[in-house]
Amino acid sequence: MAKDTKDLERMIGKVPKFFKELAEKDPQMHEMVMKLEGHVWDDGALTRKTKKLIAIAIAASLRDQHATRAQLAGAKSLGISRNEVEEALRVAFLLAGMPAYVYGKAQLDEVMPE
Amino acid sequence: MAKDTKDLERMIGKVPKFFKELAEKDPQMHEMVMKLEGHVWDDGALTRKTKKLIAIAIAASLRDQHATRAQLAGAKSLGISRNEVEEALRVAFLLAGMPAYVYGKAQLDEVMPE
Amino acid sequence: MAKDTKDLERMIGKVPKFFKELAEKDPQMHEMVMKLEGHVWDDGALTRKTKKLIAIAIAASLRDQHATRAQLAGAKSLGISRNEVEEALRVAFLLAGMPAYVYGKAQLDEVMPE
Amino acid sequence: MAKDTKDLERMIGKVPKFFKELAEKDPQMHEMVMKLEGHVWDDGALTRKTKKLIAIAIAASLRDQHATRAQLAGAKSLGISRNEVEEALRVAFLLAGMPAYVYGKAQLDEVMPE
Amino acid sequence: MAKDTKDLERMIGKVPKFFKELAEKDPQMHEMVMKLEGHVWDDGALTRKTKKLIAIAIAASLRDQHATRAQLAGAKSLGISRNEVEEALRVAFLLAGMPAYVYGKAQLDEVMPE
Amino acid sequence: MAKDTKDLERMIGKVPKFFKELAEKDPQMHEMVMKLEGHVWDDGALTRKTKKLIAIAIAASLRDQHATRAQLAGAKSLGISRNEVEEALRVAFLLAGMPAYVYGKAQLDEVMPE
């Protein structure tokens, strides 16, 4: 479990403004979300980097532009390269269609320009 | 690109009956699918193993039971462990809801029993 | 608008058991569904056949196995060929991923065997 | 298969900027996408026009605003009328809910104004 | 069934510009949509308020930003509180993933500010 | 938060076999899921009954047959009537298409027969 916002930031690379507000306005929901986030991203059989790539590919596959962008935002600080994201998006292409790839890649170009 | 069905089998671990029939009945479509599959799974910035975990997580997130099963079927032969799949499904939980995790895990228990 | 169940059957090729029960148990909902169905399938700028192919492709893209099967069930009586369905599913492949094609085609093989 | 970008443009009516960049930066992926696109849109049992209507309806059903717009962009040059798109979106209404129709139609009004 | 636009407005709290245009340009489709809307929102075993919360949660779960906003727009006039929407979005979190909650809540903040 | 499996059972009406196994094999994940479930279903601005109806409607809208069935399984013990589920599914019809209604209702007939 993530101990606090700072700890979560260290783990996933970036904490959206959303979580900061949640901590103030709904501490119980915030604690639960922190626990879930921590449990998902914690070190384990997979590295955080691999999990992040999975998250980006799922978000793109669901056509969830906000989540794709939010997940991409934390990718760079975890040492994820453009090529790695691009290959994760190819899997999204195969499983969820070309648009998942095209717009995942368009957002990659914005968030992690060459 | 995958050279033939055998080559694809070596790469992704299992080739569904579907592709064998496609090769006979619709060689042009089969060739295109082989090319796409090969391009997605080919060695690159990510390992095949990582790509397989991404594919499993996407399929579970889309509530695509057949694709989840099909992707899981090839996981073992790539040396993917139950723990690795379980952690990939946790990301699906976070991004796509608990049912993606629950039924992904149920299928994991069937395809890769402890 | 479809006048009655028989008229709807003539238009879309097959009326699932569901609608027959709905007519008995919830006449108001049934009337509304009939009106909507009629409005969608009625002759217009597109033929019923084209609309049916669109419906099959949408259902496969949404991984909605029941709807895919239900729409396929009515296809044959509208004079839709296996090749036409297969090409509609290719579009689903491009827009929604290979699994939409694979399982759409698997269901095609069951409902409209060669 | 589409021979080149120009050939693809002739077939589907419009080639997004995305593909032009892909051709320069990732020729292998571009070739694969061209092959897939060509295979999907090539003349066959269905006309390109019918396939385009299927693509628009799928994109709207998946709430994929970018893909809906991208597919609509190529519709006019294939001789597709507003009424034909509207009827395709009615099928999306039935299969995927009213919002698929409402926002498909809103985009139609922008891309193909009366 | 809703008798007219005004009646529908009284029932669901807000009628988007879309329906007003539809009434002018496609009276038959408009009548059908009015009938369906009326049938869904009419008083019955569930209150309109409960149905509205269900609609908001579905729209957020489908990552349908437009529908989420459209449904939220009518919530206030039905006497729905921020807390009620927030709890409905928690169910969306559980069933459809954290992003459904995060962006549902972001839109709630815009449409129904504290 | 739910104190234990029994407490969760009291709250949502039925605890799938899945959670029992999770408690034994992965206590940390189980604790986290219990916390999330408890936070979602706990008394608040909305009743558990209303939340359950929301969950059923989301699951049907996502074409998630397992989740639909799992949520329906707990509905009866919360005092939810067939009519209430049917009206929740009408909202799913409007927001997510007729198949969401048809198969939600088919599962309702199995899980809560008249």
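When the chains are written out, they are named A, B, C, D, E and F in that same order, and each has its own residue count from 1.
Just so we're on the same page, contacts are C-beta pairs under 8 Å (C-beta built on N, C-alpha and C of every residue); 3 or more make two chains touch, one makes a residue touch a chain.
In this text, all values refer to a predicted model and were calculated from it rather than measured experimentally.
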Intersection of contact partners for chain A and chain F: B, C, D, E
Chains in simultaneous contact with chain B and chain E: A, C, D, F
Relative to chain C, chain with the most remote C-alpha centre: A
Centre-of-Cα separation between chain F and chain C, whole angstrom: 29
CA centroid of chain A to CA centroid of chain B, Å: 21
Multi-chain contact residues (two or more partners), chain C: 29, 36, 39, 59, 61-64, 67, 86, 90, 93-99
Interface residues, chain E side, partner chain B - complex: 61, 93-100
In the complex with chain C, residue positions of chain E that touch it: 28-29, 32, 35-36, 39
Residues of chain B defined as touching chain C within the complex: 16, 18, 26, 29, 33, 36, 59, 62-64, 66-67, 70
Contact footprint of chain D on chain C as seen in their complex: 36-37, 39-40, 44-46, 50-51, 53-55, 57-59, 61-62, 64, 67, 81, 83-84, 86-88, 90-96
Chain F partner contacts - residues on chain B that touch it in the complex: 63, 86, 90, 97-99, 102-103, 105-106
